[in-house]
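Here you go, one structure.
Naming follows writing order (A, B, C and D), and every chain is counted from residue 1.
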């Protein structure tokens, strides 16, 4: 059958795309819109590397169908830095060496931003449970958790 | 593969009833999409029910609460009054997968996926929740424990969908709790799940209780014997032991990659006791 | 988190080098790309006209392949190429050094594409290239494979039985005399012997003997294998792939497909974790073969299920350890027997397992026997200190038991027997300067070690060793016209390598860190490099940079002499400039690299240096880990409460990324110890081929990991560097098992120590109550 | 004369002899002399072994010097993950 014609907003830009029913939002982002910052680690919602914001809600883009986002707002890692300047989380991750291979980093950053928007002063436990859906195999999470809490402090200072 | 997103229950039912070949309801998609990707499922029609307002609403009704089948765990968590009335149901819904998954996963989907290990189902059953089904023959109510018949087997007719759940009115000094066992702290499927809902009188005696166990049989169990074991007690040690024994006696689990028969049976008793103690503690402070 | 005590405990050795950026926490040059989603990993590359390749995999753990009919698939519109065993020529039996140990092309060609038999569930049987994923998936279903299903064997001990189903009828055990007449699943028997172990045990007052079992575990990198290949009509081949060694990939692909290396250009994409698992080829030769047939680019990406079922985990094993000690705690004799699963083809890491088992200790009489055993599982690949965690876990468990039986403090006992400079290693040679005692001391000094615990909580300590290697390495330093430096290395950067190498280049040339831009060159841009593995890339790369920088400095000194009509003894290199000495100083001003660069044409042409070395002098790295945990006696669930790592880095080029190695290794080890395992059904099929049921640690499973950098300089390295990447995964298994014993009073001898096992053990002792 | 010790299975290729006194002044000469004494060993040495000279491990290199009273161990090759 014919593909679906979808109009949506991605990182503030109006986009149009065609997709098959079985294509996920992640497939669309990576293969159709060439936004490859969102990664596929499992395609089953277990690793979080494909985390994006859908109408302000943190989701795994591998668990959303492309045709479901018609008329909705999608935010990906590519939209996190504003113009010249990196988001404080991005800056802190660099400063704290909170990434090693970097494959989980986009998902971790998108998820962390979602956390700090809801909870500007999270405890370590809160950060760890919020990020439990973002697998990282390199860092042991230590520097990631520290970086999120340090970035939260920076953001609170405004 | 066809995708439809009707904006009315009637529309959804019509599509499903008329469907040739395999049709699937899409709520949160956290199970459906995984099964599609893994070639377990290849439906000809997908009916997305999230555009139907009845499936997306949380409202008070007859002193109880009606929860749309497509309301996500994250949305339930943000509903302060519901959370106060039914903390066990809300915490169960928020044990399903990660933060990301909670942003999508729904009570209706968790039930209709037909897994005996579904986290929200024991909590709903303990709560005495009733599922409101809409189908070609109209609307009917079915206790949640009667909706799932076995792994991937549901009591739904062709074209029939779960539209919402009704949680009954809460007497004073009532509360509930849900606990599950997983090897990690997050992300795993329940190896055992236990939901308890109870009411105590002014003297602290348990006057009513419902106990439900997940992942210990082909379907989620409502264990009347376990409830009887604590009704009329203050959940003192003997009552706790009766509860554990009754819970274990009800278990008919399997050995699989997630746990052994012995382990599931043993831990079912432990979790039933722990959940009951939490529920009791909450009930006492719920005047 | 500033108050946390991560940081260096150095013995001050810096090998007299200028300390500028080396040893500081610079921002990694590839960092901005990685926090913005710009960095391109294996699956992020695409080419015009690209096809999608997919692999058909065996549903059977062991089956003869009677026939493969691809005609229906080839007839499907959109299918541009189908390949099977017919597309790969056979290879003679010949061993060559690979990621972890010797590999045999006769086996490699059979592992990338099944030939006579499918030897494990998930073994590649055919592959297709089509214009879309959907068509490729449909095409796979149209390939008709006739299998003759054979009995399978999964367990290593069962596989060793004479009546076990045989995987290879031409596999005769090597290393036993006389040479066996009958084939078996035992590929090899290896042995390490020092002194006379029997005589040694006679001197022992206490002998402890135990048998241990560990489950196979996967490296668990988050990025699945991915490759994009394009082959032109004249055979020129380009390949983009996520690998720890693109030169090794080139060698394997050229060999398997009969290509000239010079015609194969391999680019290592950014790599999303490897841990040893990306040191071999899986998709790469298939993508090239498909592209060669279709004459179009072919992209292949594994699903997570394929990663678990068809890419190398590390061995599961059965290990018997017997140690003898005197009353006062001196180890006098040690014996061990290791049985390691190799998977479907020989080549488990049992050899390093035998050599590492007792390496941390000074023991006069040591005898270790190892068996390399094939069974119907995916062929193992290297995994971080291959073989060492398994044998050292067993030994560290027994060491702890000896301490208990003798009433000695476990750190004291280890200290008493610890290897140090001059100790004859259990595998033969004497150690140079090493830092085991320093790590034990720094752990003993921590507040962590001295904090009291409650009931059902336990504390464990264990040490670990890994050799580390050097090897062939090539880097180039180019001085650009504006004086900035382009650094090209040829070992993929998995964890901050570029930051470490840029610091070294900046210090060697006396230029600012941000004026050095490091990249990883493709196989056509830089000379041969062995892969990133063996904890070698920062160690060897920094040595090669020192060499390349020396060439630049000598060239500039020579040019200055010509320009200033001076003698060599009238000029010196200091702080990034050639400086005139004595009287010459009156006449001319110092010239910086940038000033030379501006007029490089006039002075003889472009400026640059190349370091091409076979790095020797790798120094072993020892570590000691300390862990607190709590067990729920009613469910058998374990919670890690606190964790401290102390490891000898020699010299940390970039302390933050060295700490990261310690912390990541510790958490990988926690997963190995508590929950990770390959679970097989009686049907020989893997039941948990996904992150959901494989159960790697998530953020909420672990505490902060305190990292103590111990720096006992390696005298053979210009900066004193030791490899640090692998040792961190060695101690956790023993440390956690020892902590479990202290928490529960039960010695667990089987990994993982998952809740059902723990609860069962507690119930058997009637101790499953709070 | 340097003291040369074969570690692991190598001694099986020498009929059990694991220790030698050799006059080799480099790894190259060491391999040559061992190969002359035990041709079966020769092939294996080419396949890739590690050589520890006075405690320092060298791999895949022929020209490392060996002193008159060096202690040399011939080991299985070491790599890693």
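Basically, contacts are C-beta pairs under 8 Å (C-beta built on N, C-alpha and C of every residue); 3 or more make two chains touch, one makes a residue touch a chain.
Nothing here was measured: the structure is a model prediction, and the numbers come from that model.
Consider the two chain pairs A-B and C-D; indicate the one with the greater count of contacting C-beta pairs.
The greater number of contacts lies at C-D.
So, what's the distance in Å between the C-alpha centres of chain D and chain A?
Computed value for the inter-centroid distance: 55 Å.
Using mean C-alpha positions as chain centres, tell me how far chain A is from chain C in Å, no decimals.
Taking the average C-alpha coordinate of chain A and of chain C, the gap between them is 29 Å.
Hey, what residues on chain A touch two or more of the other chains?
As it turns out, chain A has residues touching two or more other chains at 20, 22, 43-44, 46, 129, 131-134.
So which bits of chain C are touching at least two other chains?
In chain C, 219, 274-275, 691-692, 697-698, 700-701 touch at least two other chains.
Between which chains does touch occur?
According to the stated criterion, the contacting chain pairs are A-B, A-C, B-C, C-D.
For the complex, which residues does chain C have touching chain B?
137, 305, 634-637, 674-675, 679, 687-688, 691-693, 695, 697-698, 700-701, 754-756, 759-760, 763, 768
Taking the touch rule as given, give the residues of chain A at its contact with chain C in the complex, in rising order.
20, 22, 30, 35-44, 46-47, 49, 76-78, 80-81, 86, 90, 93-97, 99-106, 109, 124-125, 127-129, 131-146, 149-150
Which residues of chain A touch chain B in their complex?
Against chain B, the touching part of chain A is residues 1, 4, 20-22, 24, 43-46, 48, 51, 54, 57-60, 62-65, 67-68, 111, 114-115, 129-134.
Touching chain A in the complex: which residues of chain C?
Residue list for chain C touching chain A: 1, 4, 25, 27-28, 30-32, 34-41, 43-44, 134, 219-224, 270-275, 301, 303-304, 494-496, 654, 656-657, 659-660, 663-668, 690-692, 696-702, 704-705, 707.
Would you pull the chain B residues touching chain A in the complex into a rising list?
Interface residues on chain B, with respect to chain A: 1-3, 5, 26, 28-30, 33-34, 36-38, 46, 48, 50, 72, 74, 97-101, 103-104, 185-187.
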